[in-house]
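A, B, C, D and E label the chains in the order they appear, each numbered from 1.
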């Protein structure tokens, strides 16, 4: 199972992001290599989620440059990021509450669907074939994440942990190049976390998907990441392999408390 | 006991994606279609056709339009009646000004005109949300009605502003009798309902719902807000426009801009709320409910009280009951009659076990 | 120029009248997130109840019609009626609908509109009545004589009333515990419940206050145009004010009112003739719409928080 | 346990959502005065539902307690409003933060004191106490809660509940989304309040490890039923619990990278 | 036998106050005929109300619902709403039910050759406008004095309000005055800008072509801007107690046209008080309103309906219930001359009325009343309209309609 970690695919240089007086990110440089599992950790309010938002265009930093696949990226809108193959999950679950699990996951494939609304209205020929072709793909994801039995349940009724899983499914359905995960394991017990890790690692292994992960469970982070970056108050205080970070005194002081 | 899907297996995703995955539902549906399409016009009397069934169908279509916009795409609108007006007057003018204009084409063109106007008034939705947008749609309501009254060209310089719909002729057959008009309306509405159902169960509908439920997430997944919202406005206005044209051509026969007032917009909104927001069937149930309720009250309340109380009392009492019932329904089931129906079915499926 | 000033002043003063009605909306929206469409009906109900009592009280109590006692007694009784209405609304409509989507609550208030209209007319009849507050609606002579500008005393009075109400309510919201709780409720019903804010009491209070505002608005509008069903239409004048000022802002209501009032009159007088007039029906909405494109939450409204 | 003085006791309750979805199938549990009780279980086991049926927040979600009763200090409380309950000292911190987005952090905290009639000085004091527990909140006191980070919101929600000076707190997943250090801090706070101010806790938690470390007693819920209960210390050493909830197998903790592709967990029931 | 009359009414909504008066008077009159005379030649009148809320769709439903009621079906349909009139215009001809629209409805339907089934009786909007101008001429001391005058036209910005434009333009051209048209957006509860415009233009008269709350608001605003109320002339939908009472003292001096007058001291009203209210069978909740403008207008509706029944029975058999078709004949041959009006106790109450095959309108006359602060006072006799001009416009418009719809006008010389 030799994963080949490739070149830098996302490169953030000297990013600063402010909201009024709040400095969410200050002069941060950070990169992600192809096929790696890259984690972001840090205390609450450190700017981790903001970082993901910068990567996929939800926030536009005031300063700094972003290179994506080597090219300088101008102001990019979220849907453009999606078109480039960046998918993500959210810290405060952002599922479409009124839809079933299946429909939610199907939305993940929207960029791959080509029929227009008139074809949809008639639901004949191409539109139907397309719908079924994508349904097959989605069913693969469903099977992979073991959520077959809740396919037709409206997501609003699901318990928190399952919602997180559905959100992952939605992101996976897009067959992304880069997967941004914002605390995918919050609110799960150990067994569920193990399942989740398994899914993440499998995706990484089988499809070579690059993963950027925010997580507060140090056990998980240290076990599955290739490299970890540590933020504190919007500043970068550590970056490197898990072991390296774990023993960085500044990181211990700001975040870990005791060394695990 | 008979309402079970036991023993029915879905062998393909195509089967699973059917509108009615349960066989009993499918049979029931076709029976209903036959009754509505054949038995009703054969056996129903003129009053029912003209005063109840045709308007129910037409309002269902308008409600469907609003439901697409509000129920599926999440953009609350208080201007649906204005789009009906656009449709009605557009159809009138197409028929009037273009010689030999086929009725069905005029209907489509009316819908398209309405869709165009809808897109125009939908543009603000890209920035404005929720009740702000709702109130802003009133601009469409008032402006459109004003413009139709103000510029006599729209009503072909009729001194009263009222226009009379031309005869409806398709392939040489003139739809005159209530039965014929009913069947025509029924076919158009059923067809458009099918189209709507198809849209909402495919990627188009999912885009609408995604934008409705959480637009930031929808964007992150790759939906384009502008395109999705404007499409919803266009399709919704198209439906309302066609409903407006049918209102003029197969129902009332003569229309004036002021008939499409705010009250009517509210009425359509009621239909989707009572029927079920985000439900195709709900649009029909809601329309039936809102059209029938006042008529029912009209017949029931005086019968209850006789002439003992003044006529004003009776009318006001009906108003109170109407308002009260709306509140009552919202409390009993905020998701509308369609949901109530669904729960009933779920219970039936489990019956005789409670859960 | 003098004509322009007159139009402007007239517009500003009518704007204040709109604000008076808009205030009722703001109150309830701010406190519960409910867009209370019934506000117009409440204005009607309140005014009708007031004149209704004014009519029957002399007969019941043997008081002299038109006396001060009758006036204040009728006012008090009408206020009590509004409190009862508020409490009943909370009990019957809002309580069972806690935590429902805003649109559901909005619809419920439309249902409430019918109910209130029906009850009002059932109790007091459909007759149109006059209402005299004892302040004549005629231009201040001094201004008229010296500058030929007509400013009505009545309008000034209305403006004064509106301004004091606004000041009072703004203080209430910003600086008291109840005000804070109200804003909390508007954000999240369930969370408010969870920390022990008694939603029911809060709503009763707010609806009663909104009832009071409706009563004041109803009396002033009623004195102007008569007490009749059309008072419910005042709501339509208040809505653009509301979105322009921001749903959640008390001062926004008055500033929005001023802007809408003034520009609407100026537009009708200076633009209207070119398009055949009668543009007041939609102009305020279009104006507010244009405004929203720049500031989607209105002038002083709270920004919609969208975070992921 | 059953014979301990029942402070809060839930007797055989059944909960149905939306008239049809049966979620709790007869749950009974006790919280003795001055103790910390942990409610554990997988996603969807019904932990949150249990807490909400105690605090009566269920009705707002169209859920209903259809059987059984809830008693607090010997009185039935199932018919009280949430506000009444808070006045009696029972408060819930809901899962998923639920801060008032448009209010500032400080205003959020102040609303927590709504049920208490306190002087300005007392209010200030309580506020300072919360700030002492969560210094991060103090630095963000004027920001609108909607714009603060997830963890900050979680602190705000807990702090807000503390402002009501409750004697019994129902904590729903307090550790979710918090940095490890803060998680420890929060549990320390829980311990603190428990020992110093005699506040009792019923906490639903996924972080079993920490929860059992701080709790006196634990219940394990699965599929709407209690499947195991006991002293926290006993549960910690129970083999099944160790394996499924603590991620410790006989060989000790396994790396998350290694646990893969095998093993479906056995269920106690169902 | 019983004669059924369907009454589409509106007793809720913005116009309920007018509606309750009008339908009250109408029903009371029919009750009077039943109580005092035992019906028309022994045929009792029965009726059923149907609430339309002044809404077209509900009006159509009412029409359909009432159409088959009674032993002979609904014998006459009187929608009391222009919108509903248009909505059932085609249907009445198919169903053979005459439609009577008194003082509203489709103006050119006065041409009975093109609209056999429609009767816009007593006077149409065009006749009214012309009569109002004639009244102004009288006031000024001759029509030639109108030359160079300015007349403001403050109209409800709707089809109803705009119906005044064509005729006023024609009259202005004929008499050499200037018309200043000022629109008021519905509902018209705010007229600051309109009245500032009026003050600036300084017209000699203002015609108030309003509806609902627009009327008291206009009167109040007139007072506020100092426009003399005597020069503010309301049309008949702007000249009732409902329009003046809310305006309070400001309304004193306001003048309005009417095809019926106010007052309770006409024998017909006195009879109602005696025979109907005396037996506690009155329809009005507020008895004080008996004799008000809207109430009396309802009585006029009643008189016309009953007299048409009487007329038709003369031809089709006394004491028999009539079909709609027979009723139509009754309306078309209605002749309420002075003698008949006197017998009815309605002299001066409404103008004498003669309908013919070609002319479905009749006299086209109005009286002017002035509000004295507490009640309406009649200040003129019946004022004529400019018949040739109005009739010309009607025929022109009707002919255009006939052409559009492919209707061949009846030849009235062949009718009996």
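Operating definition for what follows: a contact is a pair of C-beta atoms (placed from the backbone, for glycine too) under 8 Å apart; a residue touches a chain by one contact, two chains touch by 3 or more.
Everything numeric in this text was worked out from a predicted model, so none of it was measured.
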- [ ] Identify the chains in contact with subunit C as well as subunit E, in label order.
- [x] B
Open item on the list: From the centre of subunit C, which other chain's Cα mean sits the farthest off?
Closed with: A
Task: Centre distance in Å when subunit B and subunit E are each reduced to the mean of their C-alpha atoms - done: 37
- [ ] Give, as an integer number of Å, the spacing between the C-alpha centres of subunit D and subunit A.
- [x] 28
Open item on the list: Measuring centre to centre with CA averages, how many angstrom lie between subunit B and subunit C?
Closed with: 32
Task: Chain centre separation (subunit B, subunit D; CA means) in Å - done: 46
Task: For subunit E, residues contacting two or more additional chains - done: 11-12, 16, 20, 157, 185-186, 285
Open item on the list: Using the touch definition from the top, which residues of subunit B touch two or more other chains?
Closed with: 146, 150, 216-217, 220, 312, 316, 318-319
Open item on the list: If I count partner chains per residue in subunit C, which residues reach a count of at least 2?
Closed with: 117-118, 121, 125-126, 236, 276, 278-279, 281-282, 307-308
Task: Footprint of subunit B on subunit D - complex, ascending - done: 16, 18-20, 22
Open item on the list: For the complex, give me every residue of subunit A touching subunit D.
Closed with: 19, 22, 42-46, 49, 91-92, 157-162, 183, 186-194, 197-198, 201, 216-220, 223-224, 255-257
Task: Complex interface listing, subunit C residues touching subunit B - done: 29, 35, 92-93, 96-97, 100-104, 106-108, 110-119, 121-122, 125-126, 236, 239-240, 242-243, 247, 275-276, 278-279, 281-282, 285-286, 288-289, 292-293, 296-298, 301, 304, 306-308
TODO: Quick one: which bits of subunit B touch subunit C in the complex? Just the residue numbers, please.
DONE: 70, 76, 124, 127-132, 134-136, 138-139, 142-143, 146, 150, 215-217, 220, 262, 266, 269-270, 273, 277, 312-313, 316-320, 322-327, 330-331, 334
Task: Residues of subunit B that touch subunit E when the two form their complex - done: 46-47, 50-52, 55, 146, 149-150, 159-162, 164, 251-254, 256-259, 263, 294-295, 298, 310-312, 314-316, 318-319
